[in-house]
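Labels run A, B, C and D following the written order; every chain starts at residue 1.
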Amino acid sequence: NSSSSKSKEKGSEKKRVALILPEKIGVNPFFQQMDEGAKKAGKEFNVDVKTIESTDQAAIEQNLRTAVAENYDLIITSSFESEDALKKVATENPNKQFAIIDTTVDLPNVRSVTFREQEAAYLLGAAAGLATKTNKVGMVVAIDAPLMKKWTGGFQEGLKATNPKAQFLVNYVGSFTDPAKAKELALLQASKGADFVAGASAVGDLGVFEAAKEKGFFTSGQDVDRTEVDPKHVVLSQLKGTDAAAYETIKDFAKGSYKAGVVSYGLKEDGVGLTYVTKESKSPLNPFVGQANIDKVKAIKDDIISGKVTVTDPLK
Amino acid sequence: MNRLRQQLNALIQPILAIVLGLIVGMAAIQIVHGSIIQTYTEMWNGAFGNFYFVTSTLARATPILLIALGVGFAFRAGVFNLGAEGQLVFGGIAAALTALYLPGPFVVKMIGALLAGIMAGGVWSLLAGWMELKFKVQLVISTLLLNYIATYFASYLVSKPFQDRTGSAALAQTKMLDAHLWLPKLFAGMPLHLGFVFAILFALVLYICFRFTSTGYQISMLGKNPFFASYGGIHKQKIMLLSMFISGALSGLAGTFEIMGTHYRFIDGALTAPSYAWTGLMAALLANSNPIGTIFTSILLAALQTGAMGVERNTDVPLEISSVIQAVIILFISAKFAFKGFKVIKKRRKADGAAV
Amino acid sequence: MEQLFDVSLLSSTIRMVAPILLAALGGMLCTRVGIFNVGLEGLIITGAFTAVVGNYYTHNLILAVLMAAASSVLLSLLFGFMTIKMKANEIVVGVAINFLGLGLTTFFLRTIFHVKGAYYNKDMEGLPHWKIPVIDKIPFFGDVFSGHSPLVYLAIILAILFYIFFYKTVAGFRMLAVGFNAAASKTVGIKVQTWQYLAIALCGALCGLAGAQLSLGQVTMFSEGMSSGRGFIALVAMMLGQSHPIGVLASSLLFGLMDALSTRLQGLSVPTQFTMMIPFVLTLLAMFFLKDKGVDQNQSGQQSSR
Amino acid sequence: MPRLEMKNMTKRYGNFEANSDVSFTLNPGEVHAIVGENGAGKTTLMRMLYGLEQPSAGTILLDGKKVDFKSPLDALSHGIGMVHQHFMLIPNLTVTENIVIGREPKKAGFFNRKKAAELVSEVSNNFGIPVRPTVKVSECSVGEQQRIEIVKVLYQGADIIILDEPTAVLTPLEVKELLKTIRFLAEKGKSIILITHKLHEVMEVADRVTVLRGGKVTGTFQIADTNADELAKRMVGRDLVQLKDRKQTVGNEFLKVQGITVQGKSEKPLLDGITFSVSEGEIVGIAGVSGNGQSELLQAISGLIEVEQGRIELGGTEITLSSVKYRREAGLAHIPEDRYLWGAAKEASVEENAFMGYHRNPVFSKKNWLLKRDFQQIVKKWIGKYSIKAGDLNNNAGNLSGGNLQKLIVARELGHETPFLIAAEPTRGVDIGAMEVIHDALMEKRNEGGAILLVSSELTEIMTLSDRILVMYEGRVVGELSGKEATEEKLSILMAGGTLNESIETTA
């Protein structure tokens, strides 16, 4: 949180951007990344960036309105939770500029940035299908909500594409903040024979990693390159460039090239991806996956980009 | 006159407590090298700084107040209803689904939704009451368990059969209600809606009920000694079930108002995340279940939350510190010592006065 | 149909039950001296955090666990002070303690480790997994009961020790008497408040251990809100077990088994929300079959069926 | 030198002085009675002696040495034991556990329950006070609980024993036993302080007596130098008046009970085919050792428990299965035997307690609205008429002394002006002055044509008030005597399950 209430009075020329997050930073690494991206852009382009965390759903609208009242030049928010609030506030303030990351709000003064996570999940699933020796792979998911289908759905499609025989185990933790339970679920899937268990349970992923370390199976992380945590077991990471989304939005704004409308990030735009496939990693590639498989997945990636392979949007 | 003074006295304690709480909060702010004055100014501004913030504090107080009235009502009757959360959620989902799918003109939908919300909360609560009477299943446990069941069930409804598949379809939520069904806002552009007026009205009605009516008397007596109540011809089962129903209905109404006045749809988790239920419980207990006192405690607790948001927006003090300050203030308010101390001082003063 | 319970699931159940059991035993102690403590959740998370902090600074697991217990004792004594000395409503204080625990741990996570969300360090060592000599050799049993952290065994042993304490020792007898009738106990010279403070402090220690088991036993990390409602489950287990050590043990295990069952059912085509409901629905049903529901759980003085 | 000396003791609660400048001495081997009206401060004085309350002023000397008791533990260690007015027993624990609590025999911290039971039996035998060491207290009769309390203080090694209204809840036989025990203890060298409202007990057992009124001592006497009348005068501050004359009235049968049976949980039925009636203008007394079904009978009539067989009629309408409310509306009022359990809500205000039942009365409750102002006038009248020391009407009823609360309950139930009244132990724990007032009110109601069912373990009360007396034994009515022919002997024989030689008349 960089203080900004003073700068208002100083009447500095600096442009001011508010990044209003729908929840507290912490549980979801995703928001942390967004915050970092925004701060980075703020520094580079000499823009005052203020990050505001919302305590709950009702607070989002209040924070948006306050940001309008405090006359921020650009107000960025994020996620589906903020959709309703932003629709209201943006409609009422047609002269203000807004942006929303991770979903679409179709208004003339809103720039929407969305991600096609299913494409990355597809690659992860494909890699898992190629790498598995037991023909059983699992995924530990935070909660059973429609949103999470972007991860489970894409993964399953990719898995079936490369390994039709493979069995896919899914378990839900029921919470974003329960690594202990996530770990037990991962252990359970391993005991059923899964040699690869993908983590998709926010903080719970750390529990999944531990389970992998303990029982010697393999796993993957989310959003950023998590292979650094434990390269021996965390062998892949599904990437999502939320930091880039925040960074680019502020950059465009600072440069004066801000435009309303929808920007969608997928494999093609390099907004989502998979370690080793779309982006190199500091950790060496684990032999469990192997370069040969990576090369196959790279080919799949190209097919997705070229449109030869289409990944179903599980939310449609 | 005497009563007025009594009620003024009752106010002294929370004020003293807040002061003490803020002093402790200063220590926490010191640890993170924040500015104490700025933090507290922002806290105040966030809660009451301008008209918009006042109305958002009151909007936040609305569900808290309704829940607190409900919990307090049951408490008066001697039953401990820990199920406000489930009742709130059930009321909310019932209202949302009724508003969306009940055929007929808007008036019918509106009234239907309100009734459905009230009934759903009430019946869910009644279920616990019935289990206690019929099978001696302790209310404290059953209401706690029913919370989980209600939230999971509502979550199922909105993530599977009744999920909004228009738009991004990523969230477990219902479709948005038609704008005709939105509760009117009290002031344009301000979050405060008609529900608040009703909540205040209910507080007054309950106050009058407990002070001046036979029904209220019967409820209080049941709460204070159930044996005495049945000896005096008060129908224990009937009053207990009635209290559970009203208690749940008020929580259900809180959910209904949140749906129809704030969210305009049922969103999975949106009613539980702000812990309205626990806050409402605290508001009721802090006010000793007095409906008028509950108005103040609810607004106070809401203000602590909106104030914390103000601190978050405008200072470098981390968000977490506000929850620490909140908890500390609540702890101090809950203590009885300040009130007692005050009484002693007053008595002494009286004695001095007599000597003159 | 697949076999519903297998070794891995049962062994996982035992681990998952341990923190709940520890906290439920703590809650039981409070109830036994006439205090209803809803602050277990806050005490657990505090313990979980301090355990990791202790481990970080001392690199000594025993010290880390002791620190976890100590920190929860402090918070618990605050609860005791407010309820006993300041006559504050115990539910209000309990809820405030929950908020405070959550707030303080997140706050210090930031100030001590400079991270948000979670602190994880792959070099941090967790509690050891003890192989129990004889049991270890028995085929099925060994896999289920051996190889857990010391705190898991401690939890089960404590349940039995508390049984002995309450029903065989003088101190336990007096503690029970305080809960049954404080006024009567006072007239025979039993120091009611001392016992209450003692029970509350012990409750804190147990919740601290529960937290340590979470953050050093089950996983080796701390994350915000990692207690994830276990304090409330413990509360339910305590009430279901009628504040009897063996009852609490049984109901915790029952709850754990149902939780395991619900996990196993996730694979089938039942919506997850319904499988997640199972433990709560079954616990509720179990209440119907309890013979002696009343006991003397007059925690709030507000029970309707007296 | 006196064993105990309390000098100029004062205790203030806020502005109110419960004890002012009270001095009191106790000699070794002496039975010293303390008498006084309800709220005179007897219990308060004892609570200070026992370390439960700190005196506002005054000194306590034991064997001439000044002592300062911070807690009961201090008192106990100086050999002072107290049997409280309201028993301090834990029902879920056994008799032994209740007795040894605080001084348990132990081995390495473990509670030696066997040894404890032996020790308890030993004390019980030494002093001739029978208790059953292994049963739960919840299964003991009131009389036995009393004995348990006494064994408890003896076990604790008490040398000075305080008994606060020990006889209030006992049957005549039990009272006799207790008085014997008290004398026996005194002979063994124990010093005993006996608080009671029953002056004949004082005359029978005490060596000296101290009278308290309004928190002050009005005199200490050797028993030989005084008599019951004088003590009564000192207590009340005026002469006692005679009970109103019994006017001859003949009325219809108002309450008719036919063959009611209640099984309960045990094998023997709690009530076994009980048949009787109460007419207008008649007081029917029910005598019996407590625990023989009297409580259940009253609860069955007033609707608090269900009867399994039989029929109850009130003023011509059947009420066998009716709700309490219906019965009350049909003309029943009820002074309950346990004023704290049934008769009042301690946490509620005096006014709220007084209001019970009137919330249904159309005079004070119009269209669900309570007319509190009108009602307060009535309560003030009661307070005057029965001289109830109630303080502010908004105070908690729990702060009233037992006697004053009882008077409030009596006033409330008589105030309903119903044709039928159940009066269960109407003067339990009530001072003579108040007893007089209550008796008088009951008689007045009778004379005005009210039907009254009186249950009392106090034989004198039954005999002075009743027109007819029924005796209950093991859930049945085993005998009936007219008020005139009843004597204490005859009643005692019937109450013990015996039969009278003469044929017993039964009403047609």
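Basically, contacts are C-beta pairs under 8 Å (C-beta built on N, C-alpha and C of every residue); 3 or more make two chains touch, one makes a residue touch a chain.
For each chain, UniProt lists the protein as follows: B, C = ABC transporter permease; D = ABC transporter ATP-binding protein.
Please read all numbers here as calculations on a predicted model, not as lab measurements.
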Partner chains shared by subunit B (ABC transporter permease) and subunit D (touch criterion as defined above): C
Averaged-CA centre spacing for the pair subunit C (ABC transporter permease) and subunit B (ABC transporter permease), given as whole angstrom: 28
Distance from subunit D to subunit A - Cα centre to Cα centre, in angstrom: 76
Centre-to-centre distance between subunit C (ABC transporter permease) and subunit A (centres being mean Cα positions), rounded to whole Å: 35
Gap in Å, rounded to a whole number, between the CA centres of subunit D and subunit C (ABC transporter permease): 46
Shared-contact residues (touching 2 or more other chains) in subunit A: 24, 144
Multi-partner residues of subunit C (ABC transporter permease) (each touching 2 or more other chains): 106, 271, 273, 276
Chains that touch, pairwise: A-B, A-C, B-C, B-D, C-D
Touching residues (chain side subunit D, partner subunit C (ABC transporter permease)) in the complex: 50, 52, 71-73, 76-77, 82, 84, 88-93, 97, 101-104, 106, 109-111, 152, 156
Complex interface listing, subunit C (ABC transporter permease) residues touching subunit B (ABC transporter permease): 78, 82, 86-89, 91-93, 95-100, 102-104, 106-107, 110-111, 232, 235-236, 239-240, 271, 273-274, 276-277, 280-281, 283-284, 287-288, 293-294, 297, 299-300, 302-306
Interface residues, subunit B (ABC transporter permease) side, partner subunit C (ABC transporter permease) - complex: 28, 31-32, 75, 77-80, 131-133, 135-142, 144-146, 148-149, 152-153, 155-156, 159-160, 223, 226-227, 240, 278, 281-282, 285-286, 318, 320-324, 326-328, 330-331, 334-337
Residue ranges of subunit B (ABC transporter permease) in contact with subunit A within the complex: 52, 56, 59-60, 159, 163, 167-172, 176, 189, 191, 262-265, 267-270, 273-274, 305-306, 308-309, 312-316, 318-319
Subunit A - residues contacting subunit C (ABC transporter permease), complex: 24-29, 32, 144, 169-172, 174-175, 177-181, 183-185, 187-188, 191-192, 203, 206-207, 210, 213, 229-230
